[in-house]
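As structure tokens, here come the structures.
Shared between the two complexes below is chain A, which has chain B as its partner in the first and chain C in the second.
Coming up: the complex of A and B.
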């Protein structure tokens, strides 16, 4: 199958010396793609910025104005984690536009696996606020573009952190199913099993928190047992993946113990959630150990396009397997509670 | 009904009234949409009689959703307990219209934890005016300032107004249901600016980045 990636846009201007979310991350990812040696099966979607209208589908206009002005004033620290520079506004708009470009190319070909290799990442960005290294919510902007076409979108987020921004943006949207596996407790402190969606979208959010030390088998089992039935019921027409690679055991940000081989399996599982080929696109989120990032992207994309790649053996035996039943229980209780309220009176 | 249950704590025999600093800074005006101005403040020992009269004015339904039982009168011991608080581990805010008490919100800390049970009741003819939300916001702010990070509440499934207050509080909420009752947990953790960092401590990266 062809791999459709975004044309590289120079992101060197979005840098804060010593900060882990750094330009060498995209270089590592690009080399992982090149090492697949796909030849004509590698398609490049031309770079473009997301328009204001496209961003307004998920972000507040006042926030876009503030962020743009902040950058053009020279930038600085937005919070203790998140920075922006003079160039960040343009780079962030290109990161959001890259996802749109890849989806447009996929739709015109009606085939392929999409991979959006951009930074800064997006899944922590709220409708009105930057946080967690994220300025604009790239995957949400892409999902919104599909919603406008009447599609039903599964956003599968396997970054080691909970994608609080994506969850918030689609909290009450019944046409988006947000599924997240993440280490908990961990930044940003959200993503409990009982968070199942808002009044208009009950059961359209699936959170699977996993303990420190959890291995790939627990994550895989949780997705199969907890998320799969909800996904089947939702019947997505598109699958967008917030593909962070910071759940890798070598990543310095957290303590999950995944290997590149686990990410291969996740890619195959994600493909099984799509109605057919040509409907899965991955968006780079976290991943801060460059070697682990390169190896994981290589293994993930290799599995997704059916290429033969060498990956680390899958991990197993860590804690977390026993948590799956509890997650299921908490979810069901929350869903039942919301439905019982809904039945008592109409929602506020 | 703006009401949720708080477990009646055991009354200690011979417990003396606590001498605690009265938090005058919690006083505020509450303006209703119809132009009336009410007063919000922390409860005081001398509010016993007003609380007694307030409870008598509540409908049976309001009392039931507050106490989960038929509880037509508050006893002298209960009145003393509910009005004599230490403003730290136990704190109640009241809303007054003139001299009449028309709403109460209170929290009670689980000993040795940073969690507290929370409960509200608003007089029937003052319900659905936004007082529940106002009381909750005031109570949450006071609780956070006193080191409480989580509110817990038990409420009846049919108590839609109460759930609405929780939903609109802006605090992350989780809930579970059993036998017609919903257990709610609200995290009062500081918002945004004081969030924990995404980067673990000690930072695994260079020193130059703030």
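Coming up: the complex of A and C.
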């Protein structure tokens, strides 16, 4: 199968010396793609910026104005984690546009696996606020473009941190199913099992918090047992993946214990959620150990396109099984409670 | 902090000092989260504030999100006191100013206490 990636856009101007969200991340990811040696099966979607109208589908205009002005004025620290520079506004718009370009190429070919290798990442960005290294919510912008075409979108987020921004943006949208596996407790302090969606989208959010030390088997079982039935009911027409690789055991940002081999399995599982080939696109989120990032992206994309790659053995034996069982119960209780309230409110 | 310790004088008043642990803090800090910083205890003593009514609470998240959550369980705060460090980017612009962002979205009373003027 062909791999469709975004054309490289120079992101060196978005850098804060010593900050882990750095330009060398993109280089590591791009070398992982090159090492697949896909030849003519590697398609490059031309770089472009997301337009204001495309960004307004998920972000408030006042926030876009503020962010643009902040960067134009030279940038600085937005919060204790998040920075912007003079170049960040343009780079962030290109990061959001890269996802749109990859989806456009996939739709025109009606085939392929999409991979959007950009930074800054996006899944923490709220509709009206930057946070967690994220300025614009790239995967949400892409999902919104598909919603405008009448599609039903599964956003599967396997970054080690909960994608609070994506959850917030689609909280009340019944045409988006947001599924997240993440370490908890951990930044950003959201993503509990009882968060199952807003009034208009009950059961359209699935949060699977995992304990520190959890291994790939727990994460895979959680997706199969907790998320799969909800995904089957939702019947997505597209699968967009917030593909963070900071759940790798070597990553310094968290304590999950996944290996590159686990990410291969996740790629295959994610593909099984799509209605057919040509409907899965991955968006780079976190991943801060460059060697682990390179190996994980290589293994993930290799599995996704059916290439032969060498990956680390899958991890297993860590904690998390009992917690996953509790997640299932808490989720169901929250969904039942919301449905019960809904029935009460609509009663004559 | 001094303003808060001096205002919280009713017997039922508790002061909870909330610390937002961001992404970078997780990366760089090895400090235990549940230990009240000694300098905070010292300050309470200086202000004659009963340490039994002082609590240190660390929550994961950016400062704005963490502060907006204090109204909800488990803290159920009645009043939020913010120390304004004056590090906001520019007057009138929201981005980069935790105080302005919190005041705009908070659902409980908020007091913003400016830091003392510094000599230039």
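The rule we apply is simple: the second predicted complex is superposed on the first by the 345 of 348 C-alpha atoms of A that agree within 3 Å, B and C clash if a C-alpha of one lies under 4 Å from a C-alpha of the other, contacts with A are read in each partner's own complex, and residues count from 1 in each chain.
Operating definition for what follows: a residue touches a chain if its C-beta (ideal position, glycine included) is under 8 Å from a C-beta of that chain, and two chains touch if they have at least 3 such contacts.
This structure is a prediction, so every number in the text was calculated from the model and none was measured.
In the model built by aligning both structures on chain A, chain B clashes with chain C.
Touch criterion not met for A:307: it reaches neither chain B nor chain C. Of the two partner chains, neither chain B nor chain C is touched by A:44. Of the two partner chains, chain C is the only one touched by A:130; chain B is not. Look at A:334: by the touch rule set out above, it reaches chain B but stays clear of chain C. In the superposition on chain A, A:17 makes contact with chain B only, while chain C stays out of contact range.
Of the two partner chains, both chain B and chain C are touched by A:80.
Once the two complexes are overlaid on the shared chain, A:67 sits against chain C while remaining clear of chain B. Of the two partner chains, both chain B and chain C are touched by A:254. Judged by the touch definition given at the top, the superposed model places A:195 against chain B, while chain C stays out of reach. Stretch 63-71 is the one of chain C that runs into chain B, the other listed stretches 45-53, 63-71 or 81-89 having no clashing C-alpha atoms.
Overlaid on A, the two complexes show chain B and chain C touching the same residues of chain A, namely 19-20, 77, 79-81, 129, 131-133, 161, 187-190, 252-254, 288.
Those residues of chain A whose C-beta lies close enough to touch chain C in the complex are 19-20, 66-67, 69-70, 73, 76-82, 129-133, 161, 164, 185-190, 252-254, 288.
Residue ranges on chain A touching chain B, taken from their complex, read 16-20, 77, 79-81, 124, 129, 131-133, 161, 187-190, 192-195, 199, 252-254, 288, 330, 333-334, 336-337, 340-341, 344-345, 348. Of all the residues in chain C, the ones that touch chain A in their complex are 20-27, 59-66, 69, 89-90, 93-96, 98, 101.
The part of chain B that touches chain A in the complex is made up of residues 157-158, 160, 163-164, 167-168, 172, 174-178, 182, 187, 189, 192-193, 195-200, 204-210.
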